[in-house]
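To start, the structure under review is shown below, and the notes come after it.
Residue numbering begins at 1 within each chain, and the chains themselves are lettered A, B, C and D in the order written.
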Amino acid sequence: MSQIHVTTTINGDTTEYLCNPEDTLLDVLRDTLRMTGTKEGCGTGDCGACSVTVDGRLVCSCLMLGAEAEGKSVETIEGMADGEELHPLQTKFLEHAALQCGICTPGFLVAAKSLLERNPDPTEEETRYWLAGNLCRCTGYDKIIRAVLDTAAEMRQEKSNAA
Amino acid sequence: MVRVVLWGSLNKLAADRAYYEVEAKNIIELLRSLGNEYPKLKPTFDRGVAVAIEGTLYQDNWFQPIPPDSEVYVLPRLAGG
Amino acid sequence: MPLDSDQDTKPRTSFKYVGTRPIRPDGLEKVTGKAKFGADTFATGMLHGLILRSPHAHARIKSIDTSKAAALPGVKAVVTADDFKIEQEPGEMANVRANIMARGKVLYDGHAVAAVAAVSKSVARAALKLIKVDYEVLPHVTDVDEAMADDAPLLHEGMITEGVEPAPTKPSNIATRYEFGHGDVDAGFAKADVIVEREFKTAATHQGYIEPHACLANLSSDGSGDIWVCTQGHFMIRDSVCSLLGIDFSKVRVQSSEIGGGFGGKTTVFIEPVAAALSIKSGHPVKIVMSREEVFRATGPTASSSSRIKIGATKDGRIVAADGLFKYQGGAFPGSPVEFGAMAAFACYDLENVRAVGYDVVTNRPKQAAYRAPGAPMACYAVDNVIQELADKLGMDGIDFRLKNAADAGTKSSYGPVYPAIGLKTTLEAAKKHPHYSAPIGANQGRGVACGFWFNFGGQTSVSLNISPDGTVNLTTGTPDIGGSRSSYCLMAAEELGIPYEHVRASIVDTGVIGYNDVTDGSRVTFAGGLATINAARNAIKEMCSRAAQMWGIDVEAVKWEDGYAKPSGANAGDHEPLSLAQIAADAPNTGGPIAGHVECNADGAGVSFATHICDVEVDRETGRTSIKRYTVLQDAGKAVHPSYVEGQYQGGAVQGIGWALNEEYIYNDKGLLDNAGFLDYRIPVASDLPMIDTQILEIPNPGHPYGVRGVGETSIVPPLAAVSIAVSKAVGVQLSELPISPPKLLKALS
Amino acid sequence: MRYEAPETTADAVALLTGEQGIARVLAGGTDLLVQLKSGRLEPDLVVDVKKIDAMRSITAEDGGFRIGAGVSSAEMSEHDGLCAMWPGVVEAAALIGSTQVQGRATMVGNLCNASPAADSVPAMVAAGATIRIVGPNGSRDIPVENLNSGPGKTTLAKGELVESVYLPARPAGSSDAYLRFIPRTEMDIAVVGVGVSLTLDGSGTCTAARVGLGAVAPTVLLVEDAAKALIGTKCDEAALDAAAAACSAAANPIDDKRGTVDYRIKVAGVLTRRAAAIARDRAEANA
């Protein structure tokens, strides 16, 4: 079984790897590139723990082949903070105690970031539906939703201050 | 003397009494003397039980003192999630 | 364990750090993706392990031929039950041995039969296909009532029911009978003006942790080496693996990874002994990561239940007798939590005459594992439904009726002991006062109130607290942090030492570097670990005071510790400049060497815990769909060390209970095979299913803890089953008696 | 397994035709990769069609829209013209799985997976959508309801694939709606799904209607009796009830882990009434 050579961009860096045709993007991220921030909770697109964005589009990396990433731009949790500067969502998740065990946290953060990029002022209902594909079994979602809404409010405030 | 109450189904393995009068200063003495008097209790005691002394549950501490003339309860060993 | 004699045993009430909401010490790693969970480590030369599982619910294994698999290039080891030779005493460890690798018979769909270790996942997958197992399929049973029938297929020929006198002569699927209670229920019912009797059923549910089981075993041929694993207890993993493989405990160092949820499901072994055996046999590190399908088919869901409840009361609303029969199936081996269910069932009420009988039954399902307040939710669900029906029949408000019969300090509990100070009435009174309880209810909506109880316990705990030269503190223990316990440890250590929270760092360390710790379960960690932390800090303070005493040339009795400083105290102490913890730490090399405080203890004195929940639902009468409109949790925490994580426990438990009530269930087809082994059809609540979960923390100090702390992790899953069920019954005007209340079931009840 | 990502439909057809073993088309992959993961499917060739321009776009055509086989439901939701003309089809596609899944899943993939419970299919059937099939013998257009022959079975011949789906132009006073029932609010497979498309004249009388019904038979049904019950009426309560009764009558479901026969029959009617009312109100707004 011959491997496929893939050139892609991950968190802004050009990255090359060899993968088997049946390897998912998640397999490549975790096992080949050892970027284990992206988690596998189900492998069937039902839990969202493996959320990443591909060309700005939120997807489950377990439902995409590694070979499909050729020429694309992939963003993962490892690229969310800017050096030592956390993304506001990361800060708010800590402040609101929006994580207990933390296994679903990377997926929630990546998915929530994608929401706020499209909709800087989501309602609670819009937020809950956008994140419905991200399962959390610890928190009952309450503090996660609050953290996302609070981040959105703060980011809007900063934007208006900057303007 | 200590008054010992065994949980229902364990009680039936002993003498099916409301309570048992036992001479014991701590948990291990209590379990030993009950076990010697009613050998059918031993396997359960060996697997582990909890003992409630004045409302507090003790699972392992053999030497936990039992106040004289107090009433204690022998219960299944607890587990949790 | 006894507190230091010089400490007063009355719980402390004023705090500087405890009760605040600082950022957890492990937070940064978890929001940046750096935190290492079970599947996140790799070893040089690592092999991939895969497990072959039974396609049958019940079958005799006539033969297993692994030769073709072993011969496949890239396969380095194959194991079967024959590789677990060490005989175990009859009991739990023997059952675990037969569960991790089937012996003679497969007892459920997904039961492990063989395992391989290979250079890649694809080679391992190919190898599994080459293993030939010859099965003789046997009749199966998965329902608890059917399993108790005389003609039911027997899982364990020769299993005689325990707890029955005289012992039965005929084997059955009933492992044990339990009975609890006091008084004379028949005499009690004779005094009753109103009696309600009803039968209930609940489905088996899974803990549903998002992280599948994963481990990496790296053992040498003599059994020595390391295991990395996601677990609620790495000492338990070490002891189990070593017992099953005949290895000295001291040869194996087990490190728990960050754990992606457990809820009781990671308090036993499944893949770890298999990975260890494969590693020894192959001479390579072996990593096994379960698929989600394996998690559902082959780990430990909780029991399904069938129960009958009969409660009688007088016109004035006083309960005179309560009788409960509880039948739990805990899968293929004895050990369902029915005794805890029977003990907890009536624990919320002050009863003169009470009896609870429980049957532990085996069926062709995976061996159950603990799930948050094991056994209590389904029992309290049945009881509180009948309690509410009684209140309605008596024309009494549900909370008033519960208050009138609520257990309190001095009540002889339904399971035996007399309660010390407890918080049930406080939660009921708070619920009655809560605006939620008086808010208007719309059309097709209903409101349910229910109470819940859990025992809580302490257990074996070791904590080391080391003072660093710069005056910061390393706190190490061995109970995996499943939901923020490291921040609670740091808060309690900071409180005791009088230094900032940020100066204390807590870590969970491996079995080679700290004393024994029981698993993280029973809501024990913040209570027991906290108790040990506080006493470790007190031991360190004693040492620091004696160092100060030597510096000042005075008696140690003349030194007191205050706000992080050693200070001279008393008339003859003399006038000395107080010494800070940092100063004492800096001088340590010259004053006697390193300063530390250690505690190895068995922490008893955990206080029982109670909660009351209020739930509003709305039902679509045309489709049978139920939605949760509003939910409020009121629970006693003793003392909330980090309130945010206490609220998180309340909210998480409530939502797991909501899932149990509405949509979660193990569905078996007519072949006895699991039909919904995935998150698609095993339907745990998603964000859009829920409102915010309001919480109210009540603090009735636990006399058994220096800060009054009680465990809070488990009780919150107990009330929701009844609260939701009662709310739906009220919304539709039909008394429901089966969980989950899935739409087809509810629509059927409505027609 | 081989992975190929051709840049023309012709190359894709050639690859599929040339493969001796099992060949599968990869569009969104949200069903295919689950089958790969479970081991139920072990194809020798997977042909990724997302590099084929013709399959990547939504294009206006004869007053309607042609949607390429590689277009995700998220992309559909972002297309204003499509949302205005076929809101029911778009909302159906936007119900497939989670936000993450909608970033990949395609309507053609949803159709070719041949699940009777596929969300977008009843809406496409109601819309009178046609699909363009390309194969070794050229291309042909067929009604969407004619593609599937049973659960997991299509009528595609060796080497054929679906290149696009076409949603026709609509007269004024037209609209559509899709409703499905699931136990949760998201993430479930439809227990029943109903798509209704209709046209009202100036007086509010229904002049044309189509009703698609999913998850109650081996394939998605076009329920003509339900359409008849609406045509010629003002889609009042009586007409909606008649349409509902027609769908309940047409339903021929099974008992499974997601629902019972009785349940699906009853809910098929309930959703028909609700979806038809939404379509009617939308159509009035377009009049």
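Please note the rule applied: contacts are C-beta pairs under 8 Å (C-beta built on N, C-alpha and C of every residue); 3 or more make two chains touch, one makes a residue touch a chain.
Because the structure is a prediction, the values reported are computed rather than measured.
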item	value
Selected interface, A-D versus C-D, where C-beta contact pairs are more numerous	A-D
Centroid distance [mean C-alpha coordinates] between chain B and chain A, Å	54
Separation of mean Cα positions, chain D and chain C [Å, integer]	44
Distance between chain centroids, defined by C-alpha means - chain A, chain C (Å)	29
Chain D: positions in contact with at least two other chains	37-38, 185-187
Junction residues of chain A, two or more chains touched	1, 20, 22, 43-44, 46, 129, 131-134
Pairs of chains satisfying the touch condition	A-C, A-D, B-C, C-D
Sites on chain C touched by chain B in the complex	91, 163-165, 176-181, 207, 262-265, 267, 337, 339-340, 343, 355, 357, 370-374, 415-420, 454-460, 521-524, 602, 604-606, 704, 713-714
Contacting residues of chain D [partner chain C, same complex]	37-39, 181, 183-189, 191, 257-260, 262-263, 266-267, 270
Chain C to chain D touching residues, read off their complex	125, 291, 293, 622-625, 627, 662-663, 667, 675-676, 679-681, 683, 685-686, 688-689, 742-744, 747-748
Complex interface listing, chain C residues touching chain A	21, 23-24, 26-28, 30-37, 39-40, 42, 122, 207-212, 258-263, 289, 291-292, 482-484, 642, 644-645, 647-648, 651-652, 654-656, 678-680, 684-688, 690, 692-693
Residues on chain A engaged by chain C in the complex (per definition of touch)	1, 20, 22, 30, 34-44, 46-47, 49, 76-78, 80-81, 86, 90, 93-97, 99-106, 109, 124-125, 127-129, 131-146
